[in-house]
């Protein structure tokens, strides 16, 4: 049997089976989904380097499912993260209700993501894209009571994106008579400039929603926060990457990157790319600001995620060899570290029942493994050497500088620095500081949850030392995408300015880190009561006696500083827009008045109207 | 003892005979109407007519006629014919009267409702009387309650029941009594 | 010609009643007026000058003497349908009256948009 | 306001309708190949019914008529459903006068016979099942008007309806079984203008007459029972 | 001759119709209606004479019957007898 | 092997006539009659498929070949629609078994049977006046069924429906009158041939009258004022039947008119525009509804708007998409209605806000509703996806990008209101008042059939498309239809 | 003989038609509903019977049917007039009167009391 359809069958089958057997036995349903994922992942692994493809016709449309280096790269992200989160879920979801439903949606999501990366035509791409949307929607609304608004927002934004994409791909079909990527990449350059721009914009909207690019990100913080922790890891780690994958397709496979040759370029970057780069940079910056002021651990990570995706977009939009490498590298990297951070926060939630930073503290002794994971995670996010994050960020700065986009580089760097503020906060407020009494009995999570986190954590370490293997895979993908493979020796990291040994860097940083760590521990060991007249609260006059904590109002001055960016919440704008629009629909009350005679009058008017325009109907 | 039985049987037979006569009378009337409707004497029409008349007589014969075959006695037929002439004459008079009133510019009328007693007992007789009155000079039967007719009279000359009887219904009542009672 | 005018006028008057009258019975009557108008129109479309009813009731009649029988057949059907609809309309009105105790259609608009 | 709008648009519609119908010449044969002329030419010979309207209604377009019968049946059923109530109410507040009562009693059977005459001669005279049925129902209406406690037995009416309707369909099915198609005229056509002619046409019309009579009567009775 | 008949009957119909329109009470209209049906019955018979078609007589009879029942129904309705 | 197709009409009528005596023998038996009879129709339509796909099956009635007599023309289109109608009819009949407790329930089953038969007649007949007669059968049973529960709102809705429906009949009859007066025939195929020689000023008026009439049945804006009320106040299965049966027959008539009988090109643009307006207005109204079934009613109108858009495109692929959309809608909307019916019943309220937590109280019902919602939104792999996709694809291919965009905007609105309900079902705490009761097996069977069809056709759309292609071809190339009918007499 | 019938028929019809006109004129001119009935009943009944029987004489083969119609009219017209008069009176339509002559008022009251008691 063909491998690709077989993998899809396994995944969908696992979903259905998990749902069906889920009625009887917990281990069975979790087992079915884990086994299904591993089996599928194993088969997928075997596809590396092959060009397996499967074609058929549906409703007269040509459909092709195939594997190539690019899709393999993203497939790896999907399966790696999916298997780990599934294992994590095995323990995490125990005792929760509707696990059958959870397993079902999880497997469907994975299957659809896999479907997306193997699609060789726009039709099946869209088909799987939509499945992904609804299945992940089911996950977002898993926690019934709070989730509805967030879920709806997620779904509507996704629909807007999907329909923009649909319009684009239908226009493509109208032009070319085919949905095949190959046909499109051959035909793109034949489109008029206006059409190219339109298609570009529509596709970007479609992908940017999933990639949570500002201003289309508004669904993400709530959706990430509200969905079950293991799934959030998959959500942020893999699902949002589908948007990135789409952008990669758009730029390099469909040929939108070629737009560069025909329109204005700014410093060697095509205008659309340039604009997109700015979107990416602003996303990175604003999301970071937003993250800083969050009190909910998952929300914080969610904004962080948005920021990171901004970096990736920034890399892609440059369309340069180094930029793409940076983007792809950071995509993989982000999947790993954001996956582990979300799992870790999930683990904490699993034990403490809260995600509020202000309520936690001092868990380092109770949950040392989790602490370790988070620690490695934030180092990676911050892009500090020696862990994998360093390579990614470094590549991005380099790519920007290479294009002489200094200002963008400054913005990106600024965002990266600011990121440290929230990252510091997450480790400090959860694991350090004073531990509330009620968490004294908290235990470390079971091994089934510990293992996936640790595997990911070790992966960041490994990549920090040996990024070459990954970069090699990326280069293969780049060849497929028609981009010159990135010559590692051209990076500042590895080039003539002097080879920086990642191992050396690692050692230096480890020492520095521990010093900082000890300093923090000794200086801010205890929190203290703040009296009403105490001025040692960063200039704030407390409204009441409070337990001062770094989690609380620590960044208040900062928050005030950036408030100009934060005040006008995009999601509020959308909400009021939607409300006003919906309110506008009330004009229909004047149509459906409930008066039968009015309806009859409409009929008469319609008839009169038709009589009037009858000459146009001939 | 046996006398009572015989009486009883006689009564039953009489009753049955009376009922039967009503059915047969109805059948005949219905059949005649059928022939009138079809205005045809073809066998198939007659057969179908007989069937229809039979069915209708079976279901409605009893209520259709009170008198049964006795309605067909020679005497009654003679009176009917005589009555018809009287009636037609009265009706023509009535119409001349109406014409006069309608056409005269002043419309010499003085209407009111008066009471007219009647000695007729059977409903069908009352109907015949009422209709006759309605169709003749300036009178219209508004209602019949027991043995009194209430007549809208276009030009009231008297309200005394005895006199109204003489003026309005006496002519018809004697014929109708003969025909229907 | 006059039949066309009459029939269309009937239809329009009926529709006018349906659109404007407040009493539901009158609205139903409006519907029957419309029906009559349509039926008259149908029959007049079948009419042929100086021709007679399409029944071979005596042997002197030939096909050439008769008007088109089809519209009459159609009208027969249309009438029956009209009766059926009217009957049903009246029973619905009775039901409405039971609930609302009024025949004023303006007072019967619980179901808004 | 509504009146003004209604008048405006109706005037508009009226103008267009009239101007269109005026394009259709009145009182002349417009289509020489029309199906109506074909019926006129061949109808008597093909169906044996002197009344061509009847031959169209019952035979050429008999399928319509089956539908039409169904429509009436539907109306009766629908009305029965809508006005369904457990206890029948007394129909009238006031008794009719003895004059009306007596007149009704006498006229009733005659009207019924007239109805029967009309539907039995549907293929010969301007009449038929619907007209006959309507006349029969009017006979019953006369009784309802005159006697406030006069009720028809709905079970019997319903049986008449059912069997008459079934007869119609069965005749159709017999056409399918013994003839070429549903409702095919499988009986000999006989001599035109005699009672027993035109094959199944009179049979169907008799069934229709019974059915329509029963249905309209049921309709009237149901409605009058409900109106208080 | 027969055209004169039609003319006179037409006039009669118009007069009755005027009463029908004028009213003023429902009763007046019903009386007018009653008259109209009677006149129309006669008219139908005359039409039979005119067209030499017997079938119109049948129509007249049926029309008369239905007209009578109709008027009676309205009359009873007026009385509140329904 | 199929029996004479005329039995698809004759038997339901026969059965309806016989129900009253049957009800006197056994009331319990009556409710199985529609299941049996419509089941037979379903069998017939399936058995006819292979034949009609090759060449329209012409059924002569009363031994008179067209145009003298009335005939049934069972081409691919008619057959497919009859199949849809019978399928929905069958499912609803099964659902009805345990639904109607209200007396006089034998009348309910009779009316429903006739509703189905009427709609079947509409799509099968080859005669335009006969089409009108069957339309009346369908509508009159609809009026009666709308008011069947004898409640206040049902009567009100039925009155409005009847009012507008009567105007539809009027206009249709006027249109038929014009057609007969100028062509001298009522046979649709022959009309199509002869209309070429008719004064176009008359012909276009006839078309306008007919379109207005059938547009009312097809729920075209602004002729659809009756629909929300009727859908929502009728007994639930009847609401389902409106969406799955009545409207389908109306749209069929519309399609037959504009494609086969008349040959005006401008009308297609009108249909297209009417479609998008219908869709938008319906969706805008649906989102503001407070009652569940009313919301579904407006949604149904919106779906019909999409079908009209497809028909307005007048391309093979577009018509295929439109027919597919009709098929899908005929499966999905009844599913939604049938599940909503019991949701309303169990929550004791018609209002959406009282559906909270029904997912917990009635998981299977809620699942069916959610499933239907996803399907109607066109989420893959459910069948709604494909039809929407094809229609939009054709719309864009023919340059109507604005129309497609507006349609997509409508879809987003649709998503919002459906998911709001789904969200309430699953993700809100149930009210104390919610009664947990037994859902009859027959109802679950009915819903399962529909859900299964939706899933299977979603996964394997070609299964349906194989039959829709010839149906679309029949519309696009009218000579197929005309030739088949007019050669039947030879 | 046939000619005689023919001419009689025409004469009869002429009278009939004339009376129909008179009746119509009557219901137009009379002051109240009861008086209009007076005019309508009598004149139109005679008029219709005359017209119809006249036609029956002109076409003797139709005679039987015209007789039936005439009989029907003679029976039904007074009945409907009576019912109308009674109905009108009972819903309170006043008579046009010079003097107050109304024997029926008391009777109606009595019969209504009786019905109420029952």
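Chains here go by letter, A, B, C, D, E, F and G, matching the order in which they are written, and residues are numbered from 1 within each.
Rule of thumb we're sticking to: a residue touches a chain if its C-beta (ideal position, glycine included) is under 8 Å from a C-beta of that chain, and two chains touch if they have at least 3 such contacts.
For clarity, every value in this text was computed on a predicted model and none was experimentally measured.
Note on connectivity: the fewest chain-to-chain touch steps from subunit C to subunit D number 1.
Following the contact convention of this document, B, E is the list of chains adjacent to both subunit D and subunit G.
More C-beta pairs in contact connect the chains of A-F than those of the other pair, out of C-E and A-F. Centrality annotation: F (chain centre taken as mean Cα position, compared with the mean over all protein Cα atoms). Each chain gets a centre from the mean of its Cα atoms; the one farthest from the centre of subunit D is A. Of all chains, the one whose Cα centroid sits at the greatest distance from that of subunit B is A. Centres computed as Cα averages put subunit C at a distance of 28 Å from subunit F.
Taking each chain's centre as the average of its CA atoms, subunit A and subunit G sit 95 Å apart.
Averaged C-alpha coordinates give centres for subunit B and subunit D that are 33 Å from one another. Contact with two or more other chains is made by residues 2, 6, 10, 13, 16-17, 21, 24, 34-37, 39, 61, 64, 67-68, 71, 74-75, 78-79, 82, 94-97, 99-100, 103, 106, 114, 125-126, 227 of subunit D. Among the residues of subunit E, those in touch with two or more other chains are 54-55, 58, 61, 65, 72, 76, 79-81. Residue positions of subunit G touching 2 or more other chains: 23, 25, 37, 45, 61-62, 65, 68, 72, 75-77, 79, 81-83, 86, 90. Partner subunit B is touched in their complex by these residues of subunit D: 97-99, 101-103, 105-106, 108-110, 112-114, 116-117, 120-121, 194-196. Across the complex, subunit G is touched by residues 33, 35-37, 39, 91-92, 94-95, 98-99, 101-103, 107, 109-115, 127, 130-131, 134-136, 138-143, 145, 148, 150, 152, 154, 156, 159 of subunit B.
Partner subunit A is touched in their complex by these residues of subunit D: 2, 5-6, 9-10, 12-13, 16. Here subunit C touches subunit A in the complex through residues 15, 18-20, 27, 105-106, 109-113, going by the rule given at the top. Considering their complex, residues 159-160, 163-164, 167-168, 171, 200, 204-205, 207-209, 211-212, 215-216, 222-223, 225-226, 228-229, 264-267, 269-270, 281, 284-285, 287-288, 359, 374, 379-381, 385-386, 389-390, 392-393, 395-399, 401, 404-405, 408, 411-413, 415-416, 419-420, 423-424, 426-429, 461-462, 465 of subunit F touch subunit A.
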